[in-house]
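Note that the chains are named A, B, C and D in the order they appear, and that numbering of residues resets to 1 at the start of each chain.
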Amino acid sequence: MGGSVFGKNITVTTWGESHGAALGAVIDGFPAGVEISSSDIQVMLDRRKPGTSDITTPRKEADEVEILSGIFEGKTTGTPISMMIRNTSQKSSDYSEIASYYRPGHADLGFDSKYGFRDYRGGGRSSGRETIGRVCAGALCKKLLNQMGIDVFAYTTSIGDVAIDRSRFDRDQIVKSPTGMPDAKADEEAFELIKRYRQEGDSIGGTIECVIKGVPAGVGEPAFDKLDASLSKAVTSIGAVKAIEIGDGCQVSLKKGSENNDEFEMADGKVIKKTNHSGGILGGISDGSDIILRAHIKATPSISSKQNTVNKDGENIEISIGGRHDPVVVPRAVVVVESMCAITVLDLLMSNMHSKAESVIKFYK
Amino acid sequence: MGGSVFGKNITVTTWGESHGAALGAVIDGFPAGVEISSSDIQVMLDRRKPGTSDITTPRKEADEVEILSGIFEGKTTGTPISMMIRNTSQKSSDYSEIASYYRPGHADLGFDSKYGFRDYRGGGRSSGRETIGRVCAGALCKKLLNQMGIDVFAYTTSIGDVAIDRSRFDRDQIVKSPTGMPDAKADEEAFELIKRYRQEGDSIGGTIECVIKGVPAGVGEPAFDKLDASLSKAVTSIGAVKAIEIGDGCQVSLKKGSENNDEFEMADGKVIKKTNHSGGILGGISDGSDIILRAHIKATPSISSKQNTVNKDGENIEISIGGRHDPVVVPRAVVVVESMCAITVLDLLMSNMHSKAESVIKFYK
Amino acid sequence: MGGSVFGKNITVTTWGESHGAALGAVIDGFPAGVEISSSDIQVMLDRRKPGTSDITTPRKEADEVEILSGIFEGKTTGTPISMMIRNTSQKSSDYSEIASYYRPGHADLGFDSKYGFRDYRGGGRSSGRETIGRVCAGALCKKLLNQMGIDVFAYTTSIGDVAIDRSRFDRDQIVKSPTGMPDAKADEEAFELIKRYRQEGDSIGGTIECVIKGVPAGVGEPAFDKLDASLSKAVTSIGAVKAIEIGDGCQVSLKKGSENNDEFEMADGKVIKKTNHSGGILGGISDGSDIILRAHIKATPSISSKQNTVNKDGENIEISIGGRHDPVVVPRAVVVVESMCAITVLDLLMSNMHSKAESVIKFYK
Amino acid sequence: MGGSVFGKNITVTTWGESHGAALGAVIDGFPAGVEISSSDIQVMLDRRKPGTSDITTPRKEADEVEILSGIFEGKTTGTPISMMIRNTSQKSSDYSEIASYYRPGHADLGFDSKYGFRDYRGGGRSSGRETIGRVCAGALCKKLLNQMGIDVFAYTTSIGDVAIDRSRFDRDQIVKSPTGMPDAKADEEAFELIKRYRQEGDSIGGTIECVIKGVPAGVGEPAFDKLDASLSKAVTSIGAVKAIEIGDGCQVSLKKGSENNDEFEMADGKVIKKTNHSGGILGGISDGSDIILRAHIKATPSISSKQNTVNKDGENIEISIGGRHDPVVVPRAVVVVESMCAITVLDLLMSNMHSKAESVIKFYK
């Protein structure tokens, strides 16, 4: 109930603070027999690592993962997989000032109200570094999903007013672009935009889209644990996400039923949909089409421009936040969105295995 | 894991199908000593009842609640509160045809894939009637929240392209408007719009906003059980919701940090925010401002206009859906959004009681 | 967290009080496609029904179940199954006196301390009538387990100092014996014993054993959700159970490793155990042998003999509890133990379906 | 659902294998503001550390805890507390042989059946070393419980046929006795007994009692999450526990109601019980008396005496288990029982804070 445990069949517990000794995750309930090496995790962690380009924080962290349990002879054993990443570049002195006031756009006031005090160093638990553990878990889930023929991938769709042109969509570009955009031209423009905002002591928001291919119809639970509701929670639980859209999302409120409904038709002996306004989910259950969602992410609240706020003595003060910050969190959040979607889908795929009595009986015969 | 159980401290389990014998909810973990009568529940149920105006389904249901347990001498006892609403106007014959094909925009295919067959009568479990149980639970939670000085209310903000004018916002109008709009003029326009679409054999979408006043700073859990993540799941779990925004929502992706941050200031000895772009939530924890969210709801997929689809024999067919349907679900969904937000906030307020050791020790001394 | 929700994959929520309008259960997550009729439930309920012999309470209740949801065309649909039993023989006037004092051996003081007041009529929520909902759920689970080749059955092993003679074990006798004993001779003796205690205004305890045949090796989770830990909780959650033993139980503390270990051997190409001291569970995981557990149940605390206690005004008083009570709860608890074991085992069998990645991949290929 | 996550308000996740890199626990939901140092944990860990006397395994492990997160300026922050203990004395070569057969009394067959293979080194996840994480969590909980005036302590009551004499009960002796007995004389006798069994290549079982003082009436939830049911699961989840008794435990089945009921009386203006047959729990809820339970623990299954078993090739073989093993697990399990009880009671004390609406309202006013 402390809120750092996620999932039902697969249970992911993340832990760690921005400037503590280490961060990590424990994944319980992950199926046995999946070949996993540190490099499977590392390749995902490297996508959220800081300091890889001019538009991320200059904080240098190798973010090297150590697998502590749950893997034997190169395979998952079915027991908890514990993974740890040591912090190496803490500079707590940077943050001594922050302890004394509430940063606009940050959870400082909330933490103080809730817990009576807070680990103020780099945002403590509310830092984006918390997501390291999510990516560790996401890497595991993606490995298994791939073996099931399910493909989860996310990418940046816009930064500020620079949006990708879908006619130039190039999946290979995602990991090449510093911004995570699947469009080299938009990436360049966005890169310049971010640099300009940074120079102005400001920051900017953006959007991330995630596509999940290969999920069969029938996944997700009616009522509260709908596939879209579960994905919404998963993605909105990433700090800085302020809105989530499934399929056509906000556009649906303006549409007529005749425009928004996806008609079914037969194709090669299979039932398919002619369109995909639904984003692959109807009534909370997958409909066999690509699952598509979009997250809207706010600008980094830590900016060096002058801001008004109050300090712990209840005085109105003017501040300028120093330290090492990303001018935009979107590029590094792409792999986090991907990870949360992978965990969520795998978890619901596992529940779905016992939806039919026939499947349960067959398994044990 | 069947997905019909919601909440952690308060556990709401809903049950029932559109054309089954009855629908209901069991609420476990609700605190003892709250005075509750059937009319507290009924007044909320009446807000989602069908047949109250020209723009709802003509299906007539009294939706009268019977409280079966958990109340003694007019007060909650702390043990499970079971509430039941009998279905009285089932006309299953209406649906015999539906059994044979997949309705566009509905979960028919998902249910068949998941469970091997489905209760096709009126959508069975995927019907909007499932939300009756949510409203029963919401009514209980609102009663207690009111005693805590917390006010949860929702209203329609748009239907199709008719949006409310916030300068005419009148809270009393919400329950008077057939559309649930807090603006009599917009209500009238929207009402006409809906009637027109109905005549065309079509339907339309819209948006609902929910405001929660009085929640102190500190509510919500870091990481996965953030207040906004929890609310997103709660609201997105209502069928037909395809997007959710917290505070400025989708707008944040276009904004700079300096625009989006809410500055703090002192007012009457208290820390307040000058603006509320955050919608009352920072880093997943309440910041003491009004909590504001917005749900985007798709048009009713059941329309009498011609649509293409496939039947169970794998043939492409053309259909026109008869029966009794709402041309817009938004007005009746308002109280459901309100209910889900009330349950979620009360649940997290309860968790928050043991965030500080000091509180736990004090409680037991 | 109110504690009336049980299970992970299958979630059973029970509700209702001894003298309220009704009692029942909602079972969520139960697999679709199991043929169920009311009589499947009723046959189990009849085994715990009061008033069937001289050694049960004279309270007359038909305990007729009404299935309200989750069954369509005679089969489970995969959605919540709601079942209700109306109370018909409430005589709340019997209990007006009880409201004013704490009955020895009962939870009255606990309820008052916890909730501030209590539904004192017949024990309210702490009455044995709460177990009706458990039996409803147990009946469903047993039906599916039977189709999987798994057989769960319980029986009385002793009442007071009258114990069954295992050389006379006759399974058919279980439902014929008023005491639930699989031994006609012991049943007769125990019956007389109970009648004698009743005449003396007293009551008596006893033991129940449950055997689960057909569970393959591998079921149960390491660490906290061990099969034996889960069964212990399930059975100890039945009011009046004060001890639980798995396999040789309490005897193990006196035994040497060489005595207590079960050796493995090959038989017909299979690994079997020569003995079953372990009760079918090793390290929390089923070992392929019969699962065997034993519950120790205290005497009914409601007795007509004189007892000292205190009343709500803090005065020492002497009481004699009137009303309708069982002189022994054991016979009626047999089917409750059976039900709790069935729910628990089915739940863990479902989790076990995704222990291997191979199984998950195969399911979705 | 992997079963390595325990608790509702406080969530304890343990991880690690006997011969892996490390073991540990993450505790989520622990209240903020509790002063904790490594030595608070270490003093508990040292009580289960191997190699401290002639009657434990000669494996040498310092079992030094490293706190990785959740503590700032010496106090818990309310966010997950991650603790790790490095394994230093792994000798996996000892176990190469074990890989090829099923050890009697061990979970080898269960693990292979469940997961397809197992980490056979020292029992892997099913080793007693898994309990290190439980003790870490228990130490935290005990610290807070102490501040609440609640005292949890366990001790050995018997080893084989050597039982303590309660007239010689000396609490200070518990940590001094190599056996964990609160009776120096019995400790000596038991010590000799254990040495004798070890010399014979055998092992022995025993019993542990746990007492919890200071829990007010009202703690525990009706129905499934009863205090005794929760404690039963907690304690039975410790490997090797085969039976659990609450209060008079197994004796209740032989007793009459008039013997077993505890009468209430007034003492110093308070309601107390004259006797405590109930072990402090009535109807699943604490009654204000001392909570008392007893666990029965089997002999270590790893013995050097000859045993018959089968190997992976399906051949009957004779084995003698070498390696480093405890001839009795009881002494080292005492602190584990204590830890599991502390976690469970604190968890339920937290739930109990919102049992009354009055308390919830008061907290937020």
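By our rule, a contact is a pair of C-beta atoms (placed from the backbone, for glycine too) under 8 Å apart; a residue touches a chain by one contact, two chains touch by 3 or more.
Keep in mind the model is a prediction, meaning the values are calculated, not measured.
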Where are there more C-beta contacts: C-D or B-C?
C-D
If you average the Cα atoms per chain, which one ends up farthest from chain C?
A
Any idea how many Å lie between the Cα centroids of chain A and chain C?
44
Between chain B and chain C, what distance separates the C-alpha centroids? Give it in angstrom.
37
Centroid distance [mean C-alpha coordinates] between chain D and chain C, Å:
26
Residues of chain C that touch two or more other chains sit at 1-5, 8-9, 14, 29, 32-33, 78-79, 114-116, 125, 216, 222, 351, 355-356, 358
Given the complex with chain B, which residues does chain A contribute to the contact?
1-6, 8-9, 14, 102, 104-107, 109-116, 125-126, 130, 158, 160-161, 197, 202-207, 216-226, 228-230, 232-234, 236-237, 239, 241-266, 269, 271, 274, 278-279, 282-288, 296-303, 305, 307-310, 314-316, 351-352, 355-356, 358
Within the complex, which stretch of chain A touches chain D?
1-5, 8-11, 13-17, 20-24, 26, 28-30, 32-33, 66-70, 72-73, 75, 77-82, 84, 114-119, 121, 124-125
Give every residue of chain D touching chain B within the complex, in rising order.
8-9, 29, 31-34, 76, 78-79, 144, 147-150, 216, 222, 349-351, 353-361, 363-365
